[in-house]
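Labels run A, B, C, D and E following the written order; every chain starts at residue 1.
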Amino acid sequence: MDVIGQGVKEGILLILSLDPELIQVTLLSLQVSLTALVAAGLLGIPAGTFLALKNFTGRKLILNIIYTLMGLPPVLAGLIVFLVLSNRGPLGEWQLLFTPSAMIIAQVLLGFPLVAGLSARAVMSQRQEVYDTAVMLGATRTQAVLSIIRESRMGIIAALTTAMGRLIAEVGAVMMVGGNIQGKTRVLTTSIVLETRMGHDSRALGIGIILLILAFMIMLLILKLEKRSFKDDSTIQIV
Amino acid sequence: MDVIGQGVKEGILLILSLDPELIQVTLLSLQVSLTALVAAGLLGIPAGTFLALKNFTGRKLILNIIYTLMGLPPVLAGLIVFLVLSNRGPLGEWQLLFTPSAMIIAQVLLGFPLVAGLSARAVMSQRQEVYDTAVMLGATRTQAVLSIIRESRMGIIAALTTAMGRLIAEVGAVMMVGGNIQGKTRVLTTSIVLETRMGHDSRALGIGIILLILAFMIMLLILKLEKRSFKDDSTIQIV
Amino acid sequence: QKEEAEPQQQAGDSVPTPENPQLKLATTTSTQDSGLLDEIIPDFEAKTGYKAEVIAVGSGAAMEMGESGDADVLLVHSRAAEDEFVAAGFGIDRHDVMYNDFLIIGPAADPAGIKGGDDAVAALTQISDSKSVFLSRGDDSGTHKKELSIWKAAEIEPTGDWYNSVGQGMADTYRMADEMQGYTLIDRATYLANKENYSLESIVEGDELLFNPYGVIAVNPEKYPNINYDGATAFIQWIISDETQALIAEFGKDQYGQSLFIPDAK
Amino acid sequence: MTVLFKLFDITKSYGERQVLNAEHLEIRAGNIHCLLGPNGSGKTTLLRVMALLTTNDTGDLEVLGEQVSWQPSQLLLLRRQMAMVTQSSFMFEGSVFYNVAYGLKARKKPKKEIQKRVQESLELLGMLDFIDAPARYLSGGETQKVAIARALAVRPRVLFLDEPTSNIDPSSSLEIEQYIKHINQQYSTTIVLITHNFFQARRLAQQTSMLWDGHIIEQGPTRDMFHNPQDPRTRRFIKGEY
Amino acid sequence: MTVLFKLFDITKSYGERQVLNAEHLEIRAGNIHCLLGPNGSGKTTLLRVMALLTTNDTGDLEVLGEQVSWQPSQLLLLRRQMAMVTQSSFMFEGSVFYNVAYGLKARKKPKKEIQKRVQESLELLGMLDFIDAPARYLSGGETQKVAIARALAVRPRVLFLDEPTSNIDPSSSLEIEQYIKHINQQYSTTIVLITHNFFQARRLAQQTSMLWDGHIIEQGPTRDMFHNPQDPRTRRFIKGEY
């Protein structure tokens, strides 16, 4: 059990040491996951909104598939991207395998269903009056839909923080398509796996703590951005 | 690329073969993830609701920590549970390591923050009038809070489907605390990893497809249960 | 694998029923990924009545599990660390079980020009000199330690863009090497099990430096009361028995035309 | 006559702004008591304080003979004797039946009785045809009628009505007024009514309090208030519609 | 006089139930046209069809001289000439300013002009003090006033008012009526008004249509309708309040 205490200590020491390799690994983690998050957000929020609002045959099915893909196993996502980007795969010429780009692609594949599915649910819980009020004030369809998204912010921010958590913590896919190459595609999560495999539990915990601190900071950033646009932060009062 | 086609084929063959080992692995996957999901739901929905509704110092901090823990890396969760359940750990006597119970514990650790965080957000987007109407009709506090949860169903179902997806697809934690023991703790995701390690890509894909079908069915079940209680399924009409 | 489901029936009532039939075996991924354990464990269970729970991790992690008492018996390949483990009192009854060997594999084009050699040190030196892509397990595993010892013998500190430390298991590293068309050090079992899928070829083999002995160790029951020492002993006795050794010698012959492991229990 | 609500120096502020400062108010049992006042004068806030939905910042509050302690058990006990129709009625997701049955279910009434009372209440409001309709699709007036039925179904001792007929057509409105009078006389239900309809106030209320900027500037029997208002602000306010 | 809305045999059903069946209705430019009728008679539905918020099931709809094609571009063009105050006003999350500026921002007006017009509109409704308040915390009447200001800010050619003063106190109500009259006369804004307040209808509307169960059972000049209703149902309905 003292391994945990030692892990916390090791984490602090690791941070203080400013180990250049660790810094590089951390920055790569950030770069990969944030890029994937932004991409998943830019694709997922509109897609989710579209699916929530547009009536067409097959809509239900697509929604259910998206919900299901929220449970896409990272290894499977990794395997699929691997096969596509492999030398023998259709996009083999791009030579993306074992690069950060491949990791980003795999993570977008994982993050997109999360953002789209959760955004769809958030938008679906809105009422008709939002749209009506917007268009009657002269909003274009796009403006009105943006207003619906704005009113759904609670759920959409939840979608983003959830996806952020998933991506920054994810290892199966980045391991497979990134390859955990030291100095090139090694990120925090793959480092943790490597350290546990080597039996360095406290170091693994230490890196894990760094990762959680990072996740915490990104989360605060997202919430800060939210608060800057939405000052009202009231919740139900239980009297 | 034909590996993917072959994977689909293999998946179908695997299902048709009714291989007793695969059935056992599938049932264990179901058992572990569903038990963990139910536990995470039973703990997470009340916890999230509490955090959304109760004002106390430290509430914001706890919420932020929960949001952060949505990004708990499975390997890290696995490592922590491993250390706690290890012979040297505080609960070593229970002899739970490498059993399905250990896997469930680790998955609850992963699922709880997801359910709690997303439920909290869903509840926070509700208005005061829900509570007021409920208590003025004579509801006890508990009944009123249950009504708030009921009105938040869109977000709470989203929380459950998200957690379900996460848990059924998760491999890092179950691998570490379960040990992927054949006939005892091997589940679908750890099988996928093992198959890819043995170079059986198409078999890995096949198992992945089984897993996705499973996730799809659970998801339909959750949505069906939702629909049984909430017939109204209207969304905004875009005219 | 069919017999495995019904060992009791097969052996009739001659199967002993041990007090604590659950035996945790921590081993390296290579014994599992090669299929060896799947092949021979049913025999163990049928003969002794124990149920072997195989946990496949790296040698390092396996010994870590032994140290914390989370496994009862270890089947690993990391000779120096094994001796240390025994010396520290964590393990007892260490026995040699078998060995396999490593090869250096690489692309058919062979940019380092080392094909057909049997001198591992020279081969790595040339790979380094030609800056050909090389993949290292980089995970403190037995294979990784073996690789480092060869670099040491060659008096080279491998660094640079061509040297990729991937921190993954053998099969994953093989897969990556194939994609990157690089060289890597691999154990014969993993190589043979996967070579159908990939294009890399055997480049260097047969150097004595490349031999890889496996040992079996019981975890010291004095450290933790709940260690299944009886089971560990049964396992050790079984695996070094002549019949099992013969089984090991047979394993792989029908599929690959050669055995993957050479038994060497004394 | 028993006094059901006693308020002394009750204040309530949001941020900097004090929106309520009720120096003295008593609501007597069995009365219909009307709260008048311009928009934003604090009528709804006052009602919410009396209904124990909002805590007051300062002052003494006595409800149904008890000093309010804000303990959940006390709140439940007191609230179970009240019901409210809010200014914009919130409907739970579900059918009209679900909504009207809500308070009865909360009180764990037997199924049969719930069925009976829901039907009765809806019948009275002329909304029985809508019993199975989804409550959220009702028209404005229909929603308000269901909200009234929902409050009546629990047979409260005190009924708070916050502009209960603002969206209801005049003839239904008159019927509802009849019914309010009826339960007031028959069951001596105490009623606190907010309305902007002076006719309604005069038809129903025995007592009236006039709010202005959070203060109760005048109160007394409704007749006197309308015939002979003391405060110039009241006079001007009442002239508005005349 | 130009006819801005022409409806022939417009029907609308929800499920089995036909809630609107308007055989013939014309709204003339520059008029204030009142829709009367009991709760659930289809007034709001009719308004929503005219405002192009709901498609009709059958019938011919001509709006501002154009046959409605329900093409987004046409809808935008037509709706940009209208504004609406709905029965229960929805406020966007944000300040009162954000809400009143919404329509102007959608029209990409310059910042200065937005500022000016928002202030003017709020001033008119006596809500300037609330410009920075969160819109969702307003009282019932205040919300309605902001909703009116928000609709006026875009200076519509047609203004739909669905019980716009139901929660507003009588004197503010009168002021707002004055203002409605004023923009009707000054800018010849056409106004379609739903109200349950017969006084208001008589004070404001030149034309009135009476709805009953989705049908328009009577229409004509407001005076005639109130003094000499033809349909017995209208007569009974109007008697309700008298």
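As a working rule, contacts are C-beta pairs under 8 Å (C-beta built on N, C-alpha and C of every residue); 3 or more make two chains touch, one makes a residue touch a chain.
These figures come from a predicted structure and were not determined experimentally.
As for how the two copies chain A and chain B face one another, over half of their interface residue numbers coincide. Here the CA centre of chain D is 29 Å from the CA centre of chain E. Chain A and chain B have centres, each the mean of its CA atoms, that are 17 Å apart. For this pair, chain B with chain E, the centres built from the Cα atoms lie 49 Å apart. For the pair chain A and chain C, the distance between mean C-alpha positions equals 37 Å.
Contact with two or more other chains is made by residues 53, 75, 88 of chain E.
Counting partner chains per residue, chain C shows two or more touched chains at residues 169, 172. In chain B, the positions touching at least two other chains are 88, 127, 130, 135, 141, 196, 201, 237, 239.
Remark: the chains found to touch one another pair up as A-B, A-C, A-D, A-E, B-C, B-D, B-E, D-E. Of all residues in chain A, those touching chain B in their complex are 1, 3-4, 52-55, 64-65, 67-76, 79-80, 83-84, 88-90, 114, 117-118, 121-128, 130-131, 135, 141, 144-145, 148, 154-155, 157-158, 161-162, 164-166, 168-172, 176, 188-189, 192-193, 196, 201, 204-205, 208, 211-212, 215-216, 219-220, 223, 234-239. Every residue of chain E that touches chain B in the complex is listed here, in rising order: 52-55, 70, 75. Of all the residues in chain E, the ones that touch chain A in their complex are 48, 51, 53, 72, 75-76, 79-80, 82-84, 86, 88, 90, 92-94, 102-103, 106-107, 134, 136, 150-151, 154, 160. Per the touch definition, chain A reaches chain C in the complex via residues 86-87, 97-98, 175-176, 179-184, 186, 190-191, 193-194, 196-199, 201.
Contact residues on chain C toward chain A in their complex (touch as defined above): 57-58, 60-61, 63-64, 138-141, 164-169, 172, 176, 179-180.
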